[in-house]
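One chain, subunit A, appears in both complexes that follow, with subunit B as partner in the first and subunit C in the second.
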Partner chain A sequence: MFGSLATLQPRQLAAQVLNFALVLSTAFMLWKGLSVFTDSSSPIVVVLSGSMEPAFQRGDLLFLWNRGQETQVGEVVVYNVRGKDIPIVHRVIRRFGGGSAPLQLLTKGDNNAADDTELYARGQSYLDRSQDIVGSVVGYVPFVGYVTILLSEYPWLKTAMLIFMALTVVLQRE
Partner chain B sequence: MADARISPHALPDLKSTTDDALANYLRSLHFRQHHAKLDVRLALGYLGVAIAAATFAADYRLGWDATKRWTAVAVCAYAVVNGGFSWWIWQVEGGCVFEGVRGGKKISIASKTNKHDPTYHLAVTDAAGATREVQAPFTAWFTADGFFVARPFQQWLARSVGAIGEADAKNAASDAGGSEGGEIAAESEGFATGSGEAGGVETKGKGGKRLKRKG
Partner chain C sequence: MHNTLTRVQNVFGFFTSVAFAVAAAIAMSVLLSPQTPSASLELRNVQVVKGRPHYYSTKREEYAHVKFDLDADLTSLFSWNTKQLFLYITASYPSSDPTIIPPSEAVIWDAIIPSDYAPLHPNTYIHPTSKTAPKPKKSAKGKGKKEVGKPYPAGASPGIVRLDNQKPKYQITDVSGKIAERENATLTLHWNVQPWVGALVWTNTKTVGRWQGLQGGEAKFAFPPLKGTEVKKDDLKTETGGERNRGSPA
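Take a look at the complex of A and B:
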């Protein structure tokens, strides 16, 4: 399998490696470009829990938009709990402030009995629109996100996938 | 080189194996290869990769909010560099597989294949700028099970391209049995060469079936 690589000149080998490096770079830059466009640190997220059923199921892929500063009650937002890196997808049920005052939001999962006050960091009773919100949900694709859930629950899958991709691209001569 | 076996049905494999063989052959004839085009392509490509790597590092260390503006700049820069890279491959390189100089004379060779057509097309540009096109079917130098045979390939090149023929008189002068496109020379360890073998003989030799050209 690697015999074809052994016969390559150094420049050609560099060109083959470049092909794979460009695949990774372009994927990453497309992601960053989407981030810049939506002004969101993570413009596409996967629903991890069932707290928003029946609207969103575990494994749904959500598309976010973060340029609307006047978030309304009833919008579904994604936020990070301060200090933790887990995105939570819940609906806004109360808002305070807005306009010239900083906007503060209270959220609750459709499928939860209580609002999110328990989930917020200690001493935090509301979300700050400008600080904590990753974006509002503007669209979704059902079920596709399950791949991401698999990848995070079985991290060796990530490595295996990457190695497979690398081999495919570097050994291909088109 | 002749030891590696490829799928004789995969046109990209046929083309890339032949391209590599062409470059190797010309280098063995003391053509000094110019790498300028490939170097520019590598430079553009790795510049893009460097931009992406820097953006990744900055985002990893400093987080999204701090790097937002620079990320926007980097995305635009990457789009420009990547666009230039693609344009370079498409327009400037244009299928060029060898550029080199021998005896003060420059030669530039570009190859192409058409979809679903197993013919190897070469466009040879000499020092004066005149371009000549030659072509041959891949069957002339590949066996039916995908082994590359160097000799008929070199003979075809030496006969078709003047500059190569000058450099390799032996292959240019050899008698390849007449039929255009050529049959594979009956090459095998131990067999005498002589593409003068009549096309009707099918010998069972070691190393794969030989391709017979009818008519």
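Take a look at the complex of A and C:
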């Protein structure tokens, strides 16, 4: 099985590596291009918690749009708590400011009785639209993001998938 | 060329292409179903009292308690791609500088109305039933099922909401803490249609293709001056929603 690998010409091997690198860089370019188009650092997110049930369940895929500076009450936004890197998907329930003043937003999950004041950083009572918001949800696809949740909760799945993909690439010489 | 691995890959590739195409078709099909939403929203009573943001806070702020009447027919918003309707009523009032800063807005009441095909979830709106409705008889077996409230009045369908002197879910305040004696406030009904797959849509007041804009659903009012101790505690009770996470937000 691995003997066939030894008979590969260096040029063929280099061509295969180049193909692989092209596939990876195309995927990366598409992702970054979408990021620029939507003006969001993370244009597609997976729902991680059940705080927006029954609208969004864990594993749902959300498409974000960040070019609307005048976020309205009722829109679902994704934001990062200052100092932490966990994205939270909740609905805007109050807004103050906008226009020439910084837009301040208060959010709350549909499945939470309390609003998000406790989740914000210490001393922060409202989110700032220009600083904290990653994007506003415009589209939704159910379930397909669940594989990323599985990958993060069971790290051995990541190594298993990588080994499987490497094997298929190596054994298929076409 | 025809080994199992290739076949599995081809089937999987075809499956994802078809699934993608079907999802896109379902998402686009909502544009074809006509919508004729209508609503009548009226202010019933508004009181402004002093309160605290939460139990241990030392801040004393003014909170407005807004009661309203709502009669809405939003059944046409429910298409085959509708998972739920998130209805919410907001109170908006002009900012300190109306020429350059848009009005401030806060939600006073919201409700999650699922479509009849959505799986049962505890976080659902339960429409208040009239007090004169006859009580259901207990089943003969003795192990009677608990009567689950529906998100619409008896005999109606999802999207019909008839509320009389409805208490708000949230008492609202301004970021400055002062909300008494503000003029030119507006009570507005909004909705957010959550699809099974596709784009989320919000209230449309203008007609777009087959979707007519919302008729009605607005009421103008003014916040009254601060009331003192003459307000009864009962009058300030708020409505409890169906949210499952009580206490600290998740």
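Throughout what follows, the second predicted complex is superposed on the first by the 164 of 174 C-alpha atoms of A that agree within 3 Å, B and C clash if a C-alpha of one lies under 4 Å from a C-alpha of the other, contacts with A are read in each partner's own complex, and residues count from 1 in each chain.
The rule is short, and it goes like this: a contact is a pair of C-beta atoms (placed from the backbone, for glycine too) under 8 Å apart; a residue touches a chain by one contact, two chains touch by 3 or more.
Predicted, not measured: the structure shown is a model, and the values here were computed from it.
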item	value
Contacts of A:Thr117 with subunit B and subunit C, given as first, second, both or neither	second
First, second, both or neither for A:Phe164, with subunit B first and subunit C second	neither
More subunit A residues in contact [subunit B versus subunit C]	C
First, second, both or neither for A:Val76, with subunit B first and subunit C second	second
Subunit B versus subunit C as contact partner of A:Arg95, first or second or both or neither	second
Touched partner set for A:Tyr154, first subunit B, second subunit C, both or neither	neither
Residue ranges of subunit B touching subunit A (in the complex, touch as defined)	1, 4, 12-13, 16, 20, 23, 35, 38-39, 41-42, 45-46, 48-49, 51-53, 55-56, 59, 63-65, 68, 71-72, 74-75, 78-79, 82, 85
Subunit A residues touching subunit C - in the complex, by the definition given at the top	49-51, 53-55, 70, 72-76, 91, 93-101, 104, 108-119, 125-126, 137-142, 168, 172
In the complex with subunit A, residue positions of subunit C that touch it	5, 23, 27, 53-54, 83-84, 86, 88, 90, 95, 97, 100-102, 104-107, 110, 112, 114, 118-119, 121, 123-124, 170, 172, 174-175, 190, 192, 194-200, 202, 240-241, 243-250
Contacting residues of subunit A [partner subunit B, same complex]	3-4, 7-9, 11-12, 14-15, 18, 21-22, 24-26, 28-29, 32-33, 35-36, 39, 41, 173-174
